[in-house]
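Note sheet for the following structure.
Which chain is which? They are A, B, C and D, in the order written, and residues in each are numbered from 1.
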Amino acid sequence: MIDVALFGAGRIGKIHAANLFAHQGVRLKYVVDTHAPSAAALAEQYGASVTDTDTALNDNSVGAVIIASSTDTHAELILRAAAAGKAIFCEKPVDLDLARARDCAAAVAAAKVPCLIGFQRRYDPTFAAVKARIDAGEIGSPEMLIVTSRDPGAPPVDYIKRSGGIFKDMLIHDFDICRWILADEVVSVHASASVLTDPAIADAGDADCTAVTLRTKSGRLCQINTTRRAAYGYDQRFEVQGSLGMLQAGNHRPTEVTAFGSKQVATDLPEHFFLERYQAAYAGEMAHFFRVITQGETPRTTVEDGVKALELADAATRSWQEGRVIAL
Amino acid sequence: MIDVALFGAGRIGKIHAANLFAHQGVRLKYVVDTHAPSAAALAEQYGASVTDTDTALNDNSVGAVIIASSTDTHAELILRAAAAGKAIFCEKPVDLDLARARDCAAAVAAAKVPCLIGFQRRYDPTFAAVKARIDAGEIGSPEMLIVTSRDPGAPPVDYIKRSGGIFKDMLIHDFDICRWILADEVVSVHASASVLTDPAIADAGDADCTAVTLRTKSGRLCQINTTRRAAYGYDQRFEVQGSLGMLQAGNHRPTEVTAFGSKQVATDLPEHFFLERYQAAYAGEMAHFFRVITQGETPRTTVEDGVKALELADAATRSWQEGRVIAL
Amino acid sequence: MIDVALFGAGRIGKIHAANLFAHQGVRLKYVVDTHAPSAAALAEQYGASVTDTDTALNDNSVGAVIIASSTDTHAELILRAAAAGKAIFCEKPVDLDLARARDCAAAVAAAKVPCLIGFQRRYDPTFAAVKARIDAGEIGSPEMLIVTSRDPGAPPVDYIKRSGGIFKDMLIHDFDICRWILADEVVSVHASASVLTDPAIADAGDADCTAVTLRTKSGRLCQINTTRRAAYGYDQRFEVQGSLGMLQAGNHRPTEVTAFGSKQVATDLPEHFFLERYQAAYAGEMAHFFRVITQGETPRTTVEDGVKALELADAATRSWQEGRVIAL
Amino acid sequence: MIDVALFGAGRIGKIHAANLFAHQGVRLKYVVDTHAPSAAALAEQYGASVTDTDTALNDNSVGAVIIASSTDTHAELILRAAAAGKAIFCEKPVDLDLARARDCAAAVAAAKVPCLIGFQRRYDPTFAAVKARIDAGEIGSPEMLIVTSRDPGAPPVDYIKRSGGIFKDMLIHDFDICRWILADEVVSVHASASVLTDPAIADAGDADCTAVTLRTKSGRLCQINTTRRAAYGYDQRFEVQGSLGMLQAGNHRPTEVTAFGSKQVATDLPEHFFLERYQAAYAGEMAHFFRVITQGETPRTTVEDGVKALELADAATRSWQEGRVIAL
C-alpha cells in the first residue's frame, strides 16, 4: 500500500485525488492546502486527513507526494520531498525561474527519487497514439511539426500577471510536445506575439496570440500557433509531416452527433477545456506514476523535461521582447 | 446506504460492479453466481460476500438487485425480487418467451418496485444527445429512422442456438431504439434475413444478416440493417430524418488520429465492441438506476419497454420465417 | 464527325447539348422541341437547326439521337430511332408502362443499335469508384446495400400525377443502383410508404416517404430509404457491406470550408440538387455514349437495365398498395 | 468578339486555351511558343494560328494576351503588351527580380491596361468562400492565419536552380494568400528553412521545407509551412482564426468514398496536384479576366499584388539566409 500526500486541493488536486482512488494499492493519506475548507472537503471524500507540509513530509509511511498547489510553491516542495526521499509528481511548471528549476532537477537527481512533471498531454490517447506510430516508423523521419493550441478564454488578468507570461504559462505544454514528438533538441527559437483579444493583457505586460518557430539540431522545423481566446473553445491539435506520410492529432468531441439543418451540417465543438479534453490523460499519468513507483516503469515526463520546456519558454519570451531569433 | 445484490459475475456483471463502486451511498453486499471462482473474485475485489439467491433476496438490508446472469434466469429472478420488494435492474431480454416477459411486467407493476431493463444504448452520450435534440424540436417531426447495427463477429453457434435467434438476441436493442427515438408504437413489421457469413448459423436455425422495416401508427418508417460479422468491427449508428432536418448518431473511435499515407487517408476503426463503445452508457444507466431509487427519477427503460421490444422481435422472427408482413 | 439530333430542349437537354459541345468529332445538328423558343435558343447557341422529328430521323447524316423530351414520348422515339438505325441515348424511364418498355428493348435488340438509358448515377465519380473497388475485390462478396436517396423538395403535384408514382419516378434510379452494385437479380420486393410531407401528394395517389427492401437470388439484402423533401437538401449516399469490409459513397459538397463558431462546427450542405450533384456524371455518360459509337465500348446502362428497373418499380408499387411482399 | 494571343503552349497554356474555348465572345487567334510542335498542336485544336510575338502584339484586332511562357519572358511580354494597349493575363511571378517587377507595374499603370496575375488560388471555390465569409463578418476580425502548402514532389533540380528559390517559386502563392485573407500589409518576416527531402536541393542553393512567420501592421500573425515533398500528395489548406470564430479551407478529394477495412477507415488522398486541385480556379480566373475586359469588373489579382508577393518572397529569402527577422 502506497500512502500519498496531496498538496493542493483545488481543481487539479481533486482530479488527481479521484484518479488515485481508482487505484488498488494506493491510499490518499494527507491533504495539505492553505485553504482549510477545500482541504477538509477533499480529505473527507476520500478518507484522508488534513495536515501541514511538515507532518506530511516527515511521515515515513508516505511514499509519494502529488504537488498540485500554486506554481510558486512547486520548487520548494520538490526540494523538500526529494530530500525526504519521496516519489514526486508535480504539476507544470517546475518553477518560473530557470535557475531554480535547474536546482530542483539537480536535487531530484541527487536524491535518486522519481519526479514526474504533469505534462499530461503525453498521456492523451490521441497524442500518445501519434507518438507510438511515429516511433514505429509509420511516417519515416519526422520533418515538420505544426501545433495548434488555443484556449477558449483568458484567465483573469491577476493570474496572468503572476503567470510568467504566455510562453511559460501556456506554451510550455507545446514546447514539451515539440521535444517529445520530434525527439530532437531545439537550437533556435523565434517568437512573434500580439495582443489582439484584450488590451488589459498588454497592460499586464503579456501577449495573447503567438506564432513560434523552433528549429532543431537536425534541421526539423516546428511551428506553434496559440491564442488565449478562441470563440469556438479549446483547440488542441498537432500534425507531424514525415518523410513517408503525415499524422494528425485531432480534437475530441463530447458526442458524435451530426446535424443536417437547412443551412449547414454541424457537429459538436471540441471538448470544452482541459479538464474535459484531458480526462483520460490525467488518469493515465497517475496510473503511470504508480507504475513508476511499484513496477519501475521508466518515467515519461521527467523534471529534466520540465527544465528543457522552461528553457524554450524563456527563449521565446526573449525572442518576442527583443524581436530577434534566439540561439540556444 | 443502499446494499446491492449482484446476480452474475461475468463480463457484464463486472462492469456493473465497477460502476456501482464509483457511487457514494451504494455498496455491493452480495455476489451470486453458479461459477464459484468468478463470484469469489468479484466479491473480494469490492469487499462483498458470495452467497446464494435465497440469502440475497431474504436479506432485508438489500435494497436493490442487479440481474446480470444468463437470460434463462432473468424472469425468475425478476419475479422473486419483485415479490421481495427489491428495486431491480435486469439485463435484456426480460425473457425469450413473450408470455413470461409479460408475467414479469405484471409482477413488477403489482409490487410497485422500479424495474429497469438494460437497454444501455439509451444512456450513450451520442444517442441520448440525438434524443434530447429531437425532443427539443430541432428536426421537427421525425419521419424516418435508419438504424445500422453490426457486430464484429458472431458468438459461438452454441450460444446462438440458445439465444432466441438474431431478432431477440441482437435486434432487440434496435427495436428499443426505434420505439424510443420515434416515440411511436409500431403497427407492422417486415423482416428479411439471410445467412451470408457462416453456414453453421443456418444449421442452428438462425440468420446472420437482416433487413427490417417497421411502420408506426403515424406512418413513420424505420429501417434496420444488421449483420453478425462486419469485417471492420462494431458499427452502431442511426439517423433520424425529420420535417426540419436530420440528425445522425455516429460511431465513437478510440483516438482522433488521422494518417495521411501514400495511398489513402486513414482514421481509426470504431470502438471495438459493446464494452468499449458503451462504456459511458453502462456507467450512465447505473447512475440513473440509483437516482431512480434515491431521488425518485422516472425510470427510462422499463420492463414494459422490455416487453414491447420482445413483441417486435417475435413479430420480426415470424415475418422472416413466413415471408410476409406482420401486423401488430 | 457524328451528327446528333437532340429531342427536348429543357433543363436536361441543355446539359446534354453543352456536354456534346465539348467533344471533338461530334456536332449538334438538330434540336426538336414542341416549345419553339426553347428549341430556337438552344439551336442558336450551338450552331444547330430547329427541326421536326421526321426530318431529324430521316436525315441519314444523323448518327445518334439524344432523347430528353417528356417521358410519354420516350418509347415512340426509341422505336422510331431504332427503326432508323440511329444510336440512341434516352433519359430514364424507358416508359411508365412495362409492356411498352419491353417493346422498346425488343426493337432495339432487333435493330442492333446501341441504346443507352440515362442512369447517370453509374457515371458519378464517387459511385463509379465504389463499383470499381467492389469489382476489384476490396470488400469481398457484397452482402448488404443501404441506399439513401432524398430530394430537397417535391415537384409540383401536377407533375406527380403524371409521374407514374414515386417508385417509377424517383426510386427507379435506386433500383438501378441495387442491380448494378449487387450484380445480382432481385427475387422479392417489399415496400412501405407514407405521406408525411404534404397531404396533396396523398390526394394525387402517391407517397412521399418510402422504405423498400429487396432480396436477391443469392440472398443479398438491399434497403432503400427515400423522401421527397429533405430540409437539408439533396442526399445521395449508399453503403455496401461486404464479407471483407464496407464501402460508403458520400455526398459531394460545393466547398470544403469548415466553420468553427461559438455553438458548433459547420460544413456545407450537400450539392443542391441533381444538376449540381451529377454534373460530372452527365458529362461522363455523354462521353461514354460517344465512345460506344466510335470505339465500340460496351454500353454501361442498356435498355434492358431500364426494363429491369421498371419491373422493380412496378413490384414496389404493388407491394405498397397491397401491403405484402411481391415475389419476382 | 475578343481575339486573344496566347504565349506559351505548355501545360498551363493548354489549360487557359481550353478555358478560353468555353467562353462565348472570345476567340483564340494566335499561339506563340518557341517549341513549334506544341504551338502547332494547340493552335490546330482551337482553330488558331501559330505566329511570333511581333505579329501577335502588332495585330490591332488582338484585344488580350495570356502570358503562360517561361518566367524569364514574363516581364518583357508584359512591358510590350502594355505598350501595345492589350489587356494582360500573366502567370506568376511577374519576374524574379523585384526592380523589374516594379517596372512592369509602372508600365501597366501608365498604359492603363488591365493586368491580372495568375494567383489562381483566389478563384478556388473553397478559398473564395472563406474570403467571402470573412468579408461578411462571420469570424469578426481575423487574428491569425495558418497556411499549409505542400507539394507532392520536387521539380527537377535544373528547374529549381532557375526558379529563384522556394520562396519565390512556391511560397509566392502563400504570401499572396496572406495579403488577400488578412487584408493587411506585412511589416516583418521571419523564415526558417531546411533541406530534409533531397540533398541535391541544398547543392542547388535552395531549401525544401520552410517555416515562415509574417506579422502585419495591425499585429495579425501568419504562419506558413511548406514542403517540396509530401508523401501523401498535394496539401493546400489554410485556417483563419478570428475574434468570433475560425474558418478552415480544406483539401478537395477526387471522390467521396470511405472504405472501412479490417485495420482502418480510409478516404481518398487530396486531389493529386495543382492541375486537379485548381481546375475550377483556372476556369474561374479566365472567366474573371474576360469579365474585367468586357464588363469592367474590378481586377482581383493585379500586377501590384504580384509585386507585393515578390517583396515578401525576397524578404523571406533574406531572413532565411541571414538567420534574422526582416522588417519591411
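Here, contacts are C-beta pairs under 8 Å (C-beta built on N, C-alpha and C of every residue); 3 or more make two chains touch, one makes a residue touch a chain.
Here is each chain with its UniProt name: A, B, C, D = Inositol 2-dehydrogenase.
Keep in mind that this is a model prediction, so the values were computed, not measured.
A.B. asks: Which chain has its C-alpha centre farthest away from the C-alpha centre of chain D?
C.D. replies: Chain centre farthest from chain D's centre: B.
A.B. asks: Weigh A-B against A-D on C-beta contact pairs and write down the one with more.
C.D. replies: A-D
A.B. asks: Where the centres are mean C-alpha positions, what is the separation of chain A from chain D, in Å?
C.D. replies: Chain centres of chain A and chain D, defined by C-alpha means, are spaced 41 Å apart.
A.B. asks: Once you find the CA centre of chain B and the CA centre of chain D, what distance in Å lies between them?
C.D. replies: The answer is 57 Å.
A.B. asks: By the touch rule stated above, which residues of chain D touch at least two different other chains?
C.D. replies: As it turns out, chain D has residues touching two or more other chains at 139, 230-232, 235, 244-246, 259-262.
A.B. asks: So in the complex, the part of chain A that touches chain C is made up of which residues?
C.D. replies: Touching chain C: residues 230-232, 235, 259-269 of chain A.
A.B. asks: Mind listing the chain D positions that touch chain A in their complex?
C.D. replies: Against chain A, chain D makes touches at 139-141, 143-144, 146, 148, 150, 188, 190, 192-197, 209-211, 213, 215, 219-223, 225, 227, 229-232, 235, 241-246, 323-325.
A.B. asks: In their complex, what parts of chain A are in touch with chain B?
C.D. replies: Chain A residues touching chain B: 125-126, 129-130, 133, 138-139, 244-252, 254-262.
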